[in-house]
Amino acid sequence: MINLIKKNEGILFLICISLCIFLAIYNPQFYSIQNIHSILRSSSTVMIVALGMTILLTSGEVDLSVGALMSFVTVIAMDVINVTGSISLGLIAVFSFCFVVGLTNGLIRTVLSVNSLIGTLAMMLILQGSVYVYSMAAIYNTHLIPAFSFIGQGFFLNIPMPVIIMLFILPFFIILLNYTRYGRYFSSIGSNPDAAKLSGINNNRYKVIGFIITSLLVGVAGIILASLMDTGQQGSAKGFELTVIAAVLLGGTSFLGGSGTIIGTILGILILKIIDNGIILMGIDQDFQLVVPGVILILAVYFDNLRKKKNV
Amino acid sequence: MYKSKFKNLKINSVSKEFPGVKALDSVSMNISAGKVHALMGENGAGKSTLIKILAGAYSKDGGKIFFDENEIILNSPYDSLNLGIKVVYQEISLITGFTVGENIFLENYPVNKFGIVNWKILYEETEKLFSKIGFDINPKTKISDLSISQQQMVEIARAVYQNASIVIMDEPTSSLTPNEIKKLFDVIENLKNDNIAILYVTHKIDEIFKIADEVTVLRDGKHISNRLISDTSEEILITDMVGRKVEAAFERPKSIDKNIVMRVKNISTKNKLKNISFDLSKGEILGFFGLMGAGRTELAKAIFGYDQISAGEIEINKNIYKNFNTSMMVNSGLGYVTEDRKEEGIVKDMNLRENMTLPSLELFEKLFFIDKNKEQKQSNEYIKKFEVKTPSCERLITLLSGGNQQKVLLSRWLIRELKVIILDEPTRGVDIGAKTEVLSLVNELAKDGLSVLLMTSEMNDLLNLSDRILVMANGEIKKEFLRNNVTQEDIFRASVS
Amino acid sequence: MNIIMKYFKKGEFALFAIFLLVFLVFSFSSEYFFTLRNIMNVSGQLSIILIASVGFAILLIAGEVDISIGSLLAFVSIPLIQTMNLTESVTLGIILCLFFGIIIGLINGYLSVYLGISSLIVTLGMLFILRGAVYLYTGQRAISDDYMSDFFYYIGNGKFMGTVPYAAMIALVVLVIFIYVMNNTSYGRKLYAVGGNKEVARLAGYNIKRLKLSAFVICSFLSSISAIILCSRIGSANHMAGDLFEFQVVAAVVLGGVSLVGGIGTLTGAAIGVMILAIISNGLGLLNVDTQWQLVVNGVIIIIAVGFDELKRKKVI
């Protein structure tokens, strides 16, 4: 039992439970069905992207453009479906766009040798700017296709659809990272790129794949978001990347190599989202929601550094 | 710059141990002011360790050091610097964006009370310093615009500008042209006149006879001799450096099948290698000897696809490779045990099993999933075979000793069906017993048809195992020897020519 | 010609040439570009970016980064405006504004240098923390300057002799002072050394932590000066001020040749980079191109400039 507590996931679990108990006492609305569903929905989109971000961080890269891309995706999705009346075409448009963005991020890193922090930061700017070039105004849902709304707002067996979608994707990544050789490849590339290369691994190829996977996952999350908002909104996912990165780092994955666990990441996301939710329920000014991930990010990296130093 | 008041440095029975290897074993020597004292030895003899101890970077485990008859403890680089012990390494440690003059004055800019730098004084003093040393470079030149030899000169000037008592030069001429070497020697003469002692660390015998007054030879961590140059000869020094009993040789086939497995044709790299060519037959063990900077590791990395070649090609079993990466080479049956196991070998966050199977994961796959049981079985086989000291194959690789890590890295490649394996210092940090096991395994595999590129500084291993020996220096192959027909002295001499 | 060559070392000369080129292109493309009014207008906005860029460049040269300066801009505007409104003292307002700037610089520096958290992470977090704090305090509304002192107005909008904006003069003075400091004082040279080769600097006995900390403080301090000018021009402490500002600064500074790895680049180059970007965005605006394109342009410039820098370092180019 002590061992469990000492481990990262143990601590996160305790924090999570404590938060839940505290909020439940403070405001019974916390454990109302609608509230729980809301937390689960917003956690799902973060989790979906966090899966890709985990791959990237494990292999020593990062993608700061996910927020801007997600906003862009909501706009594209809504626009294309409005115009064509076809969800399939919307999906194709979104995923093609995401593929190109991911590929570009990857090539900037591998061909131009621009480090991914800067490169994806620059991509973030480009996407933030170009989304307005695509459309100055927000795009409202004029197609009113029920299947589309179902993606974000629907339920399956009383569980919100975003959670179902996330649960559908999750096992694939768990298997990928823990049971296939690709997981080993990503880990070794992040932990010791030279040793990986000298073992015959093509580092650049896998980095690019990591970026593409992440961007495609952002596509999924963006479509869910568009469905939830019933709008394509530029700037709707601002700050999203911070939450994703903070969650993945909380979950134990480190910039310096070594991957955390999926459970850790899930708990990290829940903690962040419950805090967000608590801020609203406790009537605290919503703008605190910007402050919290920032503080947590710094703390998470600080403790991660301490942990690494102790192990070395 | 003032005349140094230093008289001598006595090193008494200094020892230093690392896990698994005694780097220095009761080494003693005296360094006198105003003299050039050469330090010689093969790779791994202990030269770097001694330098690092004198520089305050390592602490000694035994023995005493006396500076002008006072015992000193060197706990940090500052201790050494304060005494005037300066080291000029092979890697340049200057601020490349600054000018020459600025680098000289890094520790103390000539400033007025507001902190404003007096550039006029700075450059004038630098000029004075240079003319004293005998070095002519415009002090306003940026470091990045200088050649390696000029940068080295700046380093030396920087070292002697303030209270220098001993200047340790580590392989100073490895990248210099004969002209530049002559300039360096002129500078060294000037330093001697200022009573500064020079510890000149090198393997180049002819230089020692040109510039040194005394020479100490290290071998396997022990000091073999301390001689005056005037009292000795090249032959004696070579014997000092190399002479040891040759152990029983491994049995090698009388002649090697002329079945060519790999042809290296005229490969060069941007920085080091020049026009290297050789053939490798099936089952042949081709030894490579060369001192530091000769280019063996560069050759290994180039052949393996880690570094790009700028010219030439490699032919493996009728396939020609001009532009290739490590993936391609691994797929065509090559393996490579690197020299630097910490930075290029082990993946520190993985355990023993994962490290061992890393290049071969497709062998352990069953329908996209990795078969962990199969991995464990294989790992345990090799743990037993090499007697790797570990409780299990799940142990974190960083918790293993260096020697055991090396065994794991070797197993990593031997698990595969290889055509060619490149071994770069494969027995470094491995104890004697394991060494023999590893080498005899290599011998057996060669008999079964594995071709081996054996790069090692262990003369014994080279002579015992290799069918042919190629000696490298300065990025080129200098000489080829056949087994049975060569002595250690021959090889060594070829590597310093 | 020789004098020009002496002052503009290789890289900066190329930059200046680019600047002239862009200037000429826009002069011919738009009739409004090369007018006194426009130039004076540009120099007003330019001063804000320039002053902050000087601070940013200095920190970059020292080997660290601060991407929270945009949020800082908004954050320190609050004590500035509030103090003026409450105490009717411009001086007090300015002092408090700069004070808060220094404090944030100290915090950023302490977390990065003394606690060892990557400065990118620290200031990324700060970016959101400060912005959030601004939103919290202002309730997402601007705080208007009710005091409306003439003196304060002139800082950002006044012109010396009716032509040269005070803001531009402040920027120029800041630029000249810090160019001198970076090139001619031991302090400035030590910053270069620390960013250029930490080990050599350490062995030379430099107090690396203190030097880097001071660079963080300079960066925030200068960004606070930019904030003062900005508030003067818009007449309020705007909660959205400085949004994405840090990225414009990064693009300008990186374009100007200051390297992200530290120890390389000059303030002169950074200044030219700022000027180039400023006239590009001004020119595009006059040609009625969407302002959103500027973000895109910034992003592309960052990628190209950094990519070029990296490839040059790896000697591919």
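Every chain is named by a letter (A, B and C) in the order it is written, and numbering of its residues begins at 1.
Throughout what follows, contacts are C-beta pairs under 8 Å (C-beta built on N, C-alpha and C of every residue); 3 or more make two chains touch, one makes a residue touch a chain.
Quick caveat, the model's predicted, so the values are computed rather than measured.
Where touching is counted per the definition, the chains common to chain B and chain C are A. Across A-C and A-B, the chain pair carrying more C-beta contacts is A-C.
For this pair, chain B with chain C, the centres built from the Cα atoms lie 46 Å apart. For the pair chain A and chain C, the distance between mean C-alpha positions equals 32 Å. Averaged C-alpha coordinates put the centre of chain A at 46 Å from the centre of chain B.
For chain B in complex with chain A, the touching residues are 304, 306, 325-327, 329-331, 336, 338, 343-350, 354, 358-359, 361-362, 364-365, 368-370, 412. Those residues of chain A lying in contact with chain C across their complex are 108, 112-115, 117-119, 121-133, 239, 242, 255, 285, 287-295, 297-298, 301-302, 305. Chain contact summary for the complex, chain A toward chain B: residues 175, 179-181, 184-185, 187-188, 191-192, 194-202, 257-258. Residues 184-187, 189, 192-193, 196-197, 199-201, 203-205, 263-264 of chain C are the ones touching chain B in the complex. By the touch rule above, chain B contacts chain C in their complex via residues 77-78, 81, 93-98, 102, 106-107, 109, 111, 114-117, 119.
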